[in-house]
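Going by the order they are written in, the chains are A, B, C, D and E; count residues from 1 in each one.
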Amino acid sequence: AQKPPAEPVGTDEDSEEVSGDVEVVNVGWIGSLTGDQAVWGNCEFNTVKMLFEEINEKGGLLGKQINVIGYDTRGDAMEAVNAVRRLTSQDNVVAVIGPNASGQAIAISSVLEDMQVPGIATVATNPKVTIDDDGNVKPFNFRVCFIDPYQGAVAAGYAIDVLGFTKAAILYDVADDYSQGLTEFFEKTFVEKGGEIVAKEAFKFGDVDFRPQLSTIKGTNPEVLFMPYFFKEVALSANQARELGIDAVLMGGDGWPSEVLLEMAAEAVEGSYFVNHLDFADPEVQDFKATYTAKYNLPVELNGYLAYDAVRVLEKAILDADSFDSVAIRDALKGVSVKGITGQINISPETHNPEGKDAAIIKIVDSDYIFQQKYSAD
Amino acid sequence: MTVILELKNVTKQFGGLTAVGNMRFQVEKESISGLIGPNGAGKTTIFNLITGIYNVTEGEIIFEGKRINGLQPYEIADTGITRTFQNIRLFKKLTTYENILTACHYNTDYSILDAVIRNKKFRRGEKNLFQQVDDLLDIMELKDRRDVVAANLPYGLQRRLEIARALALKPKLLLLDEPAAGMNPDETIKLMHLIKEIRERFDLTVLVIEHHMDLIMGICDKIVVLNFGKKLAEGTTQEIQTNPKVIEAYLGEEDVIC
Amino acid sequence: MLRVKNLNVYYGGIHALRGINIEVQEGQIVSIIGSNGAGKSTLLNAISGMVKPKEGIITYKGKELPKTPHKIVDLGICQVPEGRLIFANLTVKDNLMMGAYLRNDKKKINEDLEKVYQLFPRLQERINQMAGTLSGGEQQMLAMGRGLMGNPDLILLDEPSLGLAPLLVKTIFEIIEDIKKMNKTILLVEQNAYKALSVADTAYVLEQGIIKKEGDAQEILQDKSILEAYLGKTH
Amino acid sequence: MGWYYIQGILILSGIYLLAVLGLSLLTGFTGLFSFGHAGFMAVGAYATAVATMKFNVPFLLGLALGGLAAALVSLIIGKLTLNLKGDYFCIATLGFGEAIRLILDNVQYFGGARGWPGIDLKTSLTNVVIINIIAVIILVNLIKSRHGRNMQAIREEEMASQIIGINVFKYKMISLVISAAYAGVAGGMLAHYTGFIQPRMFQLIKSTELTIMVIFGGLGSISGSIIGAITLTALPEVLRTFHRWRLVVYGAAVIFIMITRPQGLMGGYEITITNIKKLFSRITSFGKKKHTVGGDGK
Amino acid sequence: MSAFFQQIINGLSIGSVYALMAVGYSLVYSIMNFSNFAHGGVIMMGAYMGFFLMTIFQLPFMMAFALAATGAGLLAVTIERIAYRPLRKRNAPFLYFIISAMGASIFLENIVIATIGPTFRTYPRVFSTTPFKLGGISIGRLDAIMFVISGISLLILIYIIEKTKTGMAIKSTAYSIRASTLMGVNTDKIIFIVFALGGLLAGIAGVLFGMKYTVYPQIGFITMKSFIAAVFGGLGSLPGAVIGSVLLGVIETLTAGYISSQYRDLIAFILLIAVLIFRPSGLMGKITEDKA
């Protein structure tokens, strides 16, 4: 049976509310509900709300109801800091889920440390999210996604080792940390493995026309064109590349998967590969996808899966800790192990990253995301 | 008598139009000279050239023996020349007091740092300025409008305030562009006396453009008449009033009233 | 033709016009004189709709005037404003054409244009000059010319001789009398009280927002006290 | 309850206030409109971070260096663009702001677009408040001096300023440099508040917000700028629970203020002891005369 | 060589997008003398209107196009009524208009995010997207259409402004509302017309942009570039807006293609400053000397 869509939770009254004699425990979420990253933020928030409802319906956690208080960050690091300060000091949350970008995640990390509240980032892929400059792990910062170096290396390794390409070109977003991170490690691995980067061109966030760069790339005849950025730009640049007559295989990262991509650029991305966190066709994923779509009448964006895993990790940690004490949860998070939707997640106590998580290589065939294989960089 | 200002063959062209052509005249120190001529003769343009708002196309402007054309307007003000405008240009949203106070800035030299730490030099400087403004308000009879915003002053008082602001610089040469425009005859006569008075008081040299002949004839030691950018005549009030060329081009036959 | 009744205008706290009553007969020249800040311009602006009076009724040809300025212009009332307000970014010709904005009779417009050029030959010389670069006096001619291009029945002139050379002042007053002969009505505000009174039929003396005196222009011209206050010395 | 949170907002308001004070000098008192102040904040933030993190310079000295760096950059920008008028100057500053960000995005020494984490947390409420008090005093003293009056004259009427001997270019430059220095110090404090800087923190929208704060508070009013900075930093926080409607309300609020109080909250007035007294006596005496600034033409 | 021509074509194509946006912006600038930053918001709304008319209401393309353009025109007029007119009546300085415009732009972008949602939308395909091929060079169909449309709208606008009475009234109102009113011009109506035209152009730009790329709440962002292009060409000059746009497009492209794509915007911007140093009013802008 379906429930009506949840009220937007997170008002002050909600957080103070005690229904019946069941106690309510608050968990924080932050991310972009507005601004250029809003697509992802909204999906994450919806996912977290949905999963919490499910948990509460089944009787809650440790006998208590859990409630999510979510705040918008507009994709702005300052806003993220304010939001987390509010969550930790005013709303008394026991843990924070999110945000969905490294910049914000790094910015809030000192607040989490100060307030001793653990945070589980969803898709913040910069290594510095959990590790400080001196290489020490930050005690209260965790994540459920793999990191940039890993993803970049996977893409490069797969391109050269499996697909056998030796000439690669890169188009990336210079104003985006994610894109720069992937580019750096793709390039490094690809060259280390004996490949050649024949062109490396940049655009700037907000651009919609990439033909000048693509025309240059075309002149270098690459076998593979690496596009480490998000699906709107992927769709546009893929279309434009084909229009200009570039027939290289396109490759990308986890910014790719989206219904919109296929809607906008089905022909252009046919036969392309990208690195993903999971296989969309995996039977275990279908349940979640269906419930979400039924509830919100929207497709699940990739962030939804990672938010799902973040909730599972937190749930497990709370159960392991048998307490809602933030520090206890933190202790339990170190080394937590849970079967997530994107695979088995084992949080490493040394890095606070999910270690040994294989990447999924997806190929676009007949406008469908076809899982190729699990692949991990060595 | 020494010459304070000299125009040597000054020409100004706008595109094909020669607004001022080959102009030469001298202004004597501490005199009041008049610049008259039909509309569009080039009077205001000459003021704009002297004060550096326009660049001269050809020729030289000499002030106190030094060439001033080519300098920036503020540098020319530095040498001791200032003016009023035909279309009044006050600091509209500032009060009468502030308008004058701002123009007084020359008469003290404390630096930004002095101002920030409010040291003695600053306090002394400011006190001097306040005193000077009060004096000027007195002389120009603007005391009762001290705190009125300039834009809300009646037209005649705005003109008066412009003169006061110019005087605040303690200039050597004051250029007045139609100071009596918009004043009635009574006020014009008051203004005439005022100009005489300030000349005495500040040892000023005045060059004035006016169409009110009462004023011009009443105060000028010497008059230069322009027509079509060229000098038509030059001389004392008597000479000019009777010069047939001037009567034909400018004054008209009829006995002149104001 | 025009009747102003109990007009009160405020600028914020300033009571600029205090219960003004005036009447203008068709075909007459009516002069308003008064010192600086008396409220002369304010009165003209109230008639042309540019300032909103707080109180008072203005009727034109028996009907109350509309509130919006462009409708007032459409009735044939045209103001030549103080400070000229010419369009600095348009050429001399376009400025004149703007004067005829509400007219559609192309032929008549061109005739009037010729007339204006006859009155002010300088304008014809400068047909394509940007109006903003005209000399002060040339701008004043342009403002007058532009006003005439509207072919109005009632012309409100605000200090038309301001900044004009003596010879031209004479011309302007001749033109004013010419306009009157064309059976138009003129409401004239002037500092040059002597001239203004000599051409006028009726006159009002305005002082600090109040009508101090009104009556036949020639009579006022004879009035000693007025002479002293507004004319300075006589010639 | 929530002091930690409130403290955070106060610190952030204080940091923005500092930048707004500088911008207020430029926009409110000199009449120049800048869309590049986030760029100056960025310069200050990175310069301070380089000084403190790479050269172990003490925090306060680092801030000073940040301010200095922004001032130097503004000197170059000013040289090139201060002769431009109105919107041309706006667009030029906008471009410079974006250019600074683009350079930072590309320079890997500063971490490029990925940002620079791990900056020491040195900014506290105490030092924010002290620095702001000093900043206000400097600004007030500057404005109430011949130098400040010269700037206001330029705002009112450039040609007349020249004629009374004001070197317009020089004073515009002084104003720009001081305001950039304020923004630079603010940037440095920001870096040491979040411990992380990233070029995207200094997007155009930040410059816009600073300008909105200045105008919201009232041009030519320092107390207005203070109120503007604090209100507008706090407003989004107050609206935080509105989620995605928050910025809708914010946008509407900006329009509403502009059309109902176009002179801003304070509009050229200052809160000073004498003014408060005056207001008080006015209320008690039912005085009603108030001069409105009425202009005609446009 | 063909690579070079391809880059020129790329540049023209980008330039024509800027041009279409810049013309409407410049038109409003020329009369109101302030940068209407809400223009980007109107473009975005135009794009959404076109999209929904074609998808939800299933209207044929030309009809949706016309309705969206009209809708955008109405929106622009509404914004003028609400956000600018009260300021105009008070003779507020141009800064206030800009801030009000920014408020409007923040409002529009976020109301779309809050109601329609932040996701990108793709226009249904109307034209074949296969480009024309000329030798080794490909020319997008939509590019050609945009180029022609911006050219035509420029010509129509220039005709209106230079040859008609309304145009003269627009220019005079631009200079002084007060003086124009005295001439009998209904300035409110003139301003209505200008905003309606500006909005119409924004709507056209929005729909074409949406078709060429995609529809999303931040379309307004790209209009920043067209503002810069308009400044480059000379504010308030319509031909300037178009020439500035096309030049900016070509310069950007050649920079990206032959110098550095990383620093493309920087170089384009340095060029803009260089132009402004020598021509402080842009390429085609009138240099108005201040006459004392």
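Methods note: contacts are C-beta pairs under 8 Å (C-beta built on N, C-alpha and C of every residue); 3 or more make two chains touch, one makes a residue touch a chain.
Since this is a predicted model, take the numbers as computed values, not measurements.
Across A-D and A-E, it is A-D that has more C-beta pairs touching.
Relative to the C-alpha centre of chain C, the farthest chain centre belongs to A. Mean C-alpha position of chain A lies 36 Å from that of chain E. Centroid to centroid, with C-alpha atoms defining each point, chain A and chain B lie 72 Å apart.
Separating the CA-averaged centres of chain B and chain C is a span of 29 Å. Mean C-alpha position of chain B lies 40 Å from that of chain D.
Of all residues in chain D, those touching 2 or more other chains are 102, 106, 159, 244, 246-247, 291, 294-295, 297, listed in ascending order.
In chain C, the residues touching two or more other chains are 11, 85, 133.
Counting partners per residue, chain A has 34, 38, 42, 174, 204 as the residues that reach two or more other chains.
The touching residues of chain B, when paired with chain D in their complex, are 51-53, 72-74, 77-78, 82-83, 85, 89-94, 98, 101-106, 108, 110, 112, 115-118, 122, 125-126, 129, 148-149, 151-152, 165-166, 168-169. Residues of chain E that touch chain D in their complex: 29, 34-35, 82-83, 86-87, 90-92, 94-96, 98-100, 102-111, 113-114, 176-179, 224, 227-228, 231, 235, 262-263, 265-266, 269-270, 272-273, 276-277, 280-282, 290, 292.
Every residue of chain D that touches chain A in the complex is listed here, in rising order: 1-5, 8-9, 12, 101-102, 105-106, 112-115, 117-118, 121, 190, 193-196, 198-201, 236-237, 240-241, 243-244, 246-247.
The touching residues of chain A, when paired with chain D in their complex, are 8, 10-12, 33-34, 38, 42, 70-72, 74, 76-79, 81-83, 85-86, 88-90, 102-103, 106-107, 109-111, 114-115, 126, 128, 132-134, 173-177, 179-181, 204-205. If you check the complex, the residues on chain B that touch chain C are 14, 17, 36-45, 86-87, 152, 154-157, 178, 181-189, 211, 213-214, 249-252, 254-258.
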